[in-house]
Amino acid sequence: MQSHEPTAATPAPLLRAEGVSLEYTAGERVVRATHRVSFDLHPAERLVLLGPSGCGKSSLLKALGGFIAPVEGRITLDGRRITGPGPQRVMVFQEFDQLPPWKTVLHNVMFPLLASGQAPRAEAERRALRVLEQVGLASFAHAHPHMLSGGMKQRVAIARALAMQPRILLMDEPFAALDALTRRRMQQELLALWAQVRCSLVFVTHSIEEALVVGHRIVLLSPHPGRVRAELNAHAFDLESVGSPAFQAQAQRIHHLLFEETAQPEAATA
Amino acid sequence: EGQIRIADQFGIVYLLLDVAKDQKLMEKHGKVQGLDIAVTQVTLSGGSAMNDALLSGSLDIAAAGVGPMLTLWDRTRGRQNVRGVASLGNFPYYLVSTNPAVKTIADFSEKDRIALPAVGVSVQSRILQMAAAKTWGDAQHAKLDKISVTLPHPEAAAAISKGGTEITAHFANPPFQEQELAANPAAHVVLKSYDVLGGPASATVLYTTEKFRSDNPKTYRAFTAALAEAAQWIAANPEAAAELFIRVNKSKVERKLVLDIVKSPEVQFKLTPQNTFALADFMHRVGAIKNKPASARDYFFDDPHNAGAN
Amino acid sequence: MSAVFTSLPGTALRADARTSGSEALHPAAGEPPVKAEVEFELAPCTATPVERALPWTRRLLDNAPLRRAAILAALALVWELLARWTDNDLLLPTFAATARAFAAGFLSGELLEKAAISLSLLLQGYVLGIAAAFALTALAASTRLGRDLLSTLTAMFNPLPAIALLPLALLWFGLGAQSLLFVLVHAVLWPLALATHAGFQNVPEVLRMAGRNYGLTGLRLVVHILIPSALPAILSGLRIAWAFAWRTLIAAELVFGATSGQGGLGWYIFQNRNELYTDRVFAGLACVIVIGLAIENLVFATLERITVRRWGVQR
Amino acid sequence: MSAVFTSLPGTALRADARTSGSEALHPAAGEPPVKAEVEFELAPCTATPVERALPWTRRLLDNAPLRRAAILAALALVWELLARWTDNDLLLPTFAATARAFAAGFLSGELLEKAAISLSLLLQGYVLGIAAAFALTALAASTRLGRDLLSTLTAMFNPLPAIALLPLALLWFGLGAQSLLFVLVHAVLWPLALATHAGFQNVPEVLRMAGRNYGLTGLRLVVHILIPSALPAILSGLRIAWAFAWRTLIAAELVFGATSGQGGLGWYIFQNRNELYTDRVFAGLACVIVIGLAIENLVFATLERITVRRWGVQR
Amino acid sequence: MQSHEPTAATPAPLLRAEGVSLEYTAGERVVRATHRVSFDLHPAERLVLLGPSGCGKSSLLKALGGFIAPVEGRITLDGRRITGPGPQRVMVFQEFDQLPPWKTVLHNVMFPLLASGQAPRAEAERRALRVLEQVGLASFAHAHPHMLSGGMKQRVAIARALAMQPRILLMDEPFAALDALTRRRMQQELLALWAQVRCSLVFVTHSIEEALVVGHRIVLLSPHPGRVRAELNAHAFDLESVGSPAFQAQAQRIHHLLFEETAQPEAATA
């Protein structure tokens, strides 16, 4: 156990996961996705869930979103147990088919604003067009989702979430399908938006660098079933600090934490 | 009181009702009783729909074959007490065959197929059973059921008229039997219902519940009076009656065919039921009805025109 | 993202775990040729779509109405030949005779009038049935009891023929249009509910989650997410229900009959059948077919074109 | 992947394009608290599923057969009350009377025999109809002409009532079972073809491409990719078709009748209806319902459970 | 135009794209995905298509697979025009739903082997189990796809393609959903397989580093509509050379080529 400079009086967390175990039942088979995972999310905090493929990141995010219920432990928002999803916790899913195919790109982005009654039609359209501009898809506003490439679909989903300006933004590998350049632009846009609205963010990624850039704090998950391997700080890093010695050191540390964990099975297959 | 809903079915057998309705005879006789009668006429397609409608109270007067009426009388005895109101006239049913070898029903072989509406249940089927009982004895009454097939009249008529199917005989009703005989030279009559029932017999009857008759005596009287007048009128004006039938039903049947039937000596338009008891007795013998009627007056209401019912 | 590999010593170490793979990486004899590197200066792209001139045969075949007309013509020909061959105009009139009877009925206005009566009844029953089906499936989509109810009720009542309902219809609605409507609803409700329910269950989970995420629940989720997403299934259910409404109407008009000559197409068919005017019977049926084709091409196909096809949900 | 950013000077340059974003990155007052870093040594995970003791009410409600039985009991109760209230046993017998008639018919073997006759016919027609529907949809799935054919034929023939086919059936198949089969096929073919076709069109393009990639074309593509993928739609089509086969059989036995006492359930119902044994009529209908429920729960629900539900295609 | 040491007599290419333009027609709208793209693929060559999101990489790969036909130009295999897909050109799609959900993971991998008649059942199962082992999913062999995470699904798809050992392997961002570690293991597996069977490979990625590691040659595409911006060599690099000066230089060069291209729109949105 390592520990850095502990802070004295931390304010009450916004979102709390306490010993959360998630399970899927498929016929006779019970698959445990995460095992007793605990962490806190404070207001305006950017939390990153980082871990290998299949370790339960998406499941955890869905549990935070209120889509699946933990079989053990509890998740509380403002001290109250989460019972279901709500527009205050907007989620960007990992799947490409999260956009209703019957709505144009523009209407896809406007839809949650209208559905949750957050904005009237004109205002919703204005906001939607602005975020579409930000994700570089303004010229595809009137296309239907099936006319978009994989990366473009994900960007629409991101735009949709950003337009909502929710209290908590839950994002599941939102930039995985994007090229280096687009990805960095999206990271910038995300951080800029955060600076404006200062929402809380839970961000799933499989990129160590992205975790360091985007997160204030990183929850490192072990391989299947996911358990918390470490909680690390990344608030010191931003897009500019990429490549700095401190950044490299932290990246290397995370890398080792992940490596160590999987050295055994890796050797077996190689 | 003051309202009457009458059902009829399709065909010339219901000419009496058509006339009564077209000439507003019920309204006329209602006025005589000091009553404004609102007449609704509904056309239904079969006996059981008729019965359901009557029992559900959607209908006041039903019209169907003697067989269904007897069944209903039997089942409602002591409850709704359905009984016959009047006959719609005497019509013969012919068993027509295109098989030259068949002269009587005894000549039917395994290869023949007799088309009937509703094997075992319909009037035609009962009459055929009666004939079989006469030929081979009561125990063998269902002998011909084995080669009988249920088929609606139109299809059976088409099959007999043009051939080309397995059907070699059809126990029909007017006007199908006349059309068959006219269309196919090989078609000939094997059996007439009158021979089995003991003379000219009522084919179709009107019936209602006891409740309707007792609740609406004036309407009931006006209705029977109208029928009587209609019967007289038809007898007096067969040509006009034929015209009326074609007009009212928007029928496209040739006028001559209709006229031939109306004028046929075997057809009589009269209210008094005739030769129904033989059938009733037979149905009781074979167990189709449980109550044994003593005479036709058991299952017809005690009305003046039913005095001579048999 | 393998960002960190760049500067991590551990990475290089791990890489020779598979020496066989690494060895093959160095270009050698038998390797693909090493070509020159090239860079292109790209002028701004004025990507005009290429004109594609299709051969006229292809364009002819691409014309859907034409293809369908050809199919119809072929069917008519088969009918004509079959009728001539069987030569029993009381059972099967020729196409020509039917066409004549159809034309006559059409010109005299009789067919139109009957069709109008039937269609108006049919539409009422159809709409009522759709409403009932949606109520039932919406319930089934939101509660487990509703799901059980749907599956039990459909399994029970769907196979029941209309005559089974006759007593109830007569008791509750008497003779006349209302009973017919009742029977029509029975014809429309179950198949549509089944198809719609299957469609609902097939909605991708992630779409459902997205909808719930924006605060949609119950009926709003059904309307905004489930129905559009299940539209292909619903459309096929609507088509089936439409056809069965017709079948039922024609059959039920015979049973329930006609009040004071007010019968529709079913009655027209029944009457002409009784009078052995088989050509008119077929003209009546042809009328049903024509209406069916018109509805299919004007309503359903259009609906499909402006919805599911445009959304790329269906090819 | 932003791997190369690490060491590219250009990257840092581009990053300050959004200074507003960058400024906010440095923790300051009002920022989320900076907590201590922690690492956990993880013991090997022996993740045993947690035992969840559910309250008995919940377990009772989770029992699907029980819930369905409750629904059935409630329906029976409603029926009984309704029948007592209308008090017209010739139109609507009580549930108890029907149950007695059912038991009597069952014990005497009459109902069983009739049901067996109907079922055997029904199954034959059903299987034939399914075969025809799959032939038609397979054709429609692989060729454009097939697609046109399907949409035109269904739009034309689906709305036609069975009586329309009576003359043709008589001419081609004569009296007896074959004509009934013909009518049954008519009842099964169109709705199943419609539902299946809609299902096929809804198969994700990428699955179709994957199939074609492995050399599947035509019928093999249909069998290996389209049918399993469209199974939910096909199942709903099969359910609808099954119900309509029943409806048609019952109705057709009335119209086509029975040869020499060989009638099935439809005939049983018809005859008893004519003789006003309404309790037996309802016993016959109850038999249809019982068979319907049995097939639904034994065949269709099982099929669904071992296929689409297990595959996670349907919830 | 730059050019490095041109080789004299190059053997005939296996697969040739000559001036290929791809278009989608959606209602009245015609979207041009690629514009007159040409490149060659030689036997045993590993070609990478690299470009920004929405530039037509997937479309191009589908055209090579024979799923969509070019509106201009032609694609030839062994000199013959491609008319449709075939089991000799196996494709890994970008979408997560490319696995038939009604087959278990094992059967999913066996399926193409059986369908194309390439192996009898027992042999297919043996091969399938081996590749599943390689992608680290042996323990999920009997699970159905809906029980897998996004990254696991993609690994099954990769396993399915690898088991086929086709002449040409077409892979569309196969590793995008994978974490750093799994990704590198998959890269190793891919290269190892290539070393064994020496098939040709067309690999779509949005990662410059991955392009350099995996490819012999990189076709760099411009943003929408995709045109060939450059063809670069990468045969000198492998997993070991990551971070070497030459590697960095080439990466930087690619980066500049991409940057330059998009500097204009980027500035506009920022």
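Observations on the model:
Going in written order, the chains are labelled A, B, C, D and E, and every chain counts its residues from 1.
The definition used in the following text is that contacts are C-beta pairs under 8 Å (C-beta built on N, C-alpha and C of every residue); 3 or more make two chains touch, one makes a residue touch a chain.
Remember, it's a predicted structure, so these values are computed and weren't measured experimentally.
Residue-number overlap of contact pairs with A-D passes half for only one option from D-E, C-E or A-C: C-E. Counting C-beta pairs in contact, the pair that comes out ahead of the other among A-C and B-D is A-C.
Chain centres here are Cα means. That of chain D falls 40 Å from that of chain E.
Inter-chain centre distance (chain B to chain E, centres taken as mean C-alpha positions): 83 Å.
The mean-CA centres of chain A and chain E are about 27 angstrom from one another, to the nearest whole unit. Counting only residues that touch two or more partner chains, chain D has 1-7, 14, 17-18, 88, 91, 167, 170-171, 254, 273, 310, 312-313. In chain B, the positions touching at least two other chains are 52, 56, 152, 155, 158-159, 164-165. In chain E, the residues touching two or more other chains are 26, 95, 97, 144, 146-147, 180, 183, 188, 206-210, 255, 259, 266, 270. Interface residues of chain D facing chain C in the complex, by the touch rule stated above, are 1-7, 61, 64, 67-68, 71-72, 75, 86, 88, 91-92, 144-145, 148-149, 151-152, 154-164, 167-168, 170-171, 190-191, 194-195, 197-199, 201-202, 205, 232-233, 235-237, 239-240, 242-244, 246-247, 250-251, 254, 266, 269, 273, 278, 285, 288-289, 291-293, 295-297, 301, 313-315. Listing the residues of chain D that touch chain A in their complex gives 1-7, 11-12, 14-18, 20-27, 30-42, 45, 47, 49-50, 52, 310, 312.
Chain E contributes residues 24, 26, 29, 31, 51-54, 56-59, 94-97, 133-134, 136, 143-144, 146-152, 155, 173, 176-183, 185, 188, 206-208, 255, 258-259, 262, 265-266, 269-270 to its touches with chain A in the complex. Chain contact summary for the complex, chain A toward chain C: residues 62, 65, 67, 84-87, 89-91, 93, 95, 97-102, 111-112, 115-117, 144-147, 164, 205-210, 248, 251-252, 254-256, 259, 266-267, 270.
Within the complex formed with chain B, the chain C residues making contact are 86-91, 166-167, 170-171, 174-175, 254-261, 263, 270-278, 280.
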